[in-house]
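Each of the next two complexes has chain A plus one other chain: chain B in the first, chain C in the second.
On to the complex of A and B.
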């Protein structure tokens, strides 16, 4: 019993040492942090090819299609750039308007992009919970009756 | 003690399962989707055509059929001109003749109809047909425009009837606010917008602008009062829009 307790204490101590040591070793090292971002550029033109210079731009994120995530104006060449929030994967909508003319671009961002639209049914969490409930219920019932027989 | 715990556990399971099934809804949430037709201030307040005629409208009858809203993924591109590929589709069953000039200068767009049990989601495409009315004030025509035009002291009371029938396939509404985003137990709307400055031109827009270059103006219609027919190609005029957004149009 005593040896077992010593072993456990020793293991915990070693584990703690392993977690602390790397911080000490690299305490004076250089560190570079970086983020990777993908810039999106749009170019808005009339059907004639004329740039929509100064046109109003509204950007909508996938999680809130009603409220603009970003607003701005195109430059003289009809260009507008922005960096979408990479945590919001799905279809980003960009609306450009000027003098009674307008259009909307739909830009997929991230993998497995999901666009607005909804259908009924259960969420994954609900399905998992229900499966657990069913298994637990069956096992519990079986145990209950097997105990009565014994 | 063990027996009581087991029975209690099973009871909890039953309750939890029931609640989860209830949360699933066993179906889809619904709301009300309304369809509006809008002739904009051009129709409600009048305007000056590209050739200087000051035009006011008493009635602008337009007959709409097969009005349908869609949820599409990916969103429909009207520039492609292809068929709309919907995930969800709802529509109005009837044929409607509406007067876009109804109400005063500040009147709201005209409510054409609504679907009360529409599945929630983003209705990002719309289709409608402009057809010849079978009865009513616009019988036999798809559009009837009644009004008065004035230029340099000359006043012309006019009635312009258009017989062409058109099919409009449109993407998402483009305007001050996004439309068609329907949530449960709420109301959302879509708009069929008609740009009559595309027919008559607009004096407030440069004459060399595409809009004015493609528009007929009012002069031919004034001449028509003297017996000269006006040739109107509705496909080229692009009357139907979704706000400022363009539609794919086919008329015949």
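On to the complex of A and C.
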């Protein structure tokens, strides 16, 4: 009887301890907190393929296109990464400038976000084709004006 | 050398166009005063094509790279045709290759076209003591080519340093602009030599093509 009472008392005490000190009981659990954020990486290069190392970068948030939200400098490979404020969805503008050369990329964030894109540019084949067309037109002009008059 | 869109304030782009219009008008007026204004259009067209394509020939000058401009050659060979020729070449470069931009077309025309007119007047000086020989033509061709690119680089530097956009680190940008401007010193020799070779060649085989200057 005495042993039974002791056992019940011990059980109640253990239960009470469990309720009073829940943290100790759960101390071996694991917890993961997360917030969703998307890092944007840009790579700035000249059209020769040379990276714009050390170029200055200006990031403009969609709600204020006139004041820079973030400024920074590209690394030697022309890379620059930033994490846009996820509450400001819309088109973020990233301007890169070095020695009077540069470009601006428009990056959609939030709805309609794209995985990768570029600020423009053509393939070598397109450039060659366009150059040939223009030179052909100019050569035509030259031939027109150099024709013998009838 | 080509200033793209979005680098200069709108007022400067407008001023570039405002300065370009009277120079085009004056050039066309001078062209119309010639006996046969149409006669030089073929060579102006060919040199416009050369100017248009040559911006793709990059010369590495560490830590940057520069490209040929040929504005001195255009000035020396074409005279007053050079400014409209450069304007047309710049327009196609901006539209096709995004070299430069449409808003900065006027500013770029001043940066490259005005030195071409200077080159024309330098090259004309070769005949100051009678008909120039081959060596004199080569020397003045070199001077025309190198002075034109030197003045272009100077104008480019002054315009960019004066109008660095708000928010950018002025010191970093200024240092990058100076580096690029210094890289044009070797280009002065390259352009000068190229202009000298072409003018000497034309002097020998088609002296009529140098008749403007």
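Heads up, the rule we're going with is that the second predicted complex is superposed on the first by the 79 of 150 C-alpha atoms of A that agree within 3 Å, B and C clash if a C-alpha of one lies under 4 Å from a C-alpha of the other, contacts with A are read in each partner's own complex, and residues count from 1 in each chain.
Heads up, the rule we're going with is that a contact is a pair of C-beta atoms (placed from the backbone, for glycine too) under 8 Å apart; a residue touches a chain by one contact, two chains touch by 3 or more.
What you are looking at is a predicted structure, and each value in this text was computed from that prediction instead of being measured.
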Just to be sure I read the superposition right, which of the two partners does A:65 touch: chain B = first, chain C = second, or both, or neither? first
Quick one: classify A:54 as touching chain B (first), chain C (second), both or neither. second
Scan A:106 for contacts with chain B and chain C and give back first, second, both or neither. first
Just checking: does A:73 make contact with chain B only, chain C only, both, or neither of them? Give me first, second, both or neither. second
Set of chain A residues, in rising order, touched by both chain B and chain C: 46-48, 95, 97, 99-104, 120-122, 130, 134, 141, 143
Where on chain C does chain A make contact in their complex? 3-4, 6-7, 38, 41-43, 45-46, 48-49, 52-53, 56, 58, 64-65, 92, 96-99, 156, 160, 165, 167-169, 172-173, 176-177, 179-180
Give every residue of chain A touching chain C within the complex, in rising order. 46-48, 50, 54-56, 58, 67-68, 71, 73, 95, 97-104, 120-122, 127, 130-131, 134-135, 138-139, 141-143, 145-146
Across the complex, what residues on chain B touch chain A? 2-3, 6-7, 9-10, 13-14, 16-17, 20-21, 23-29, 71-75, 87-88, 119-122, 124, 171-172, 174-175, 177-178, 181, 195, 205, 210, 243-246
Contact residues on chain A for chain B in the complex? 46-48, 60, 65-66, 91, 93, 95, 97, 99-104, 106, 108, 115-122, 126, 129-130, 133-134, 136-137, 140-141, 143-144, 147
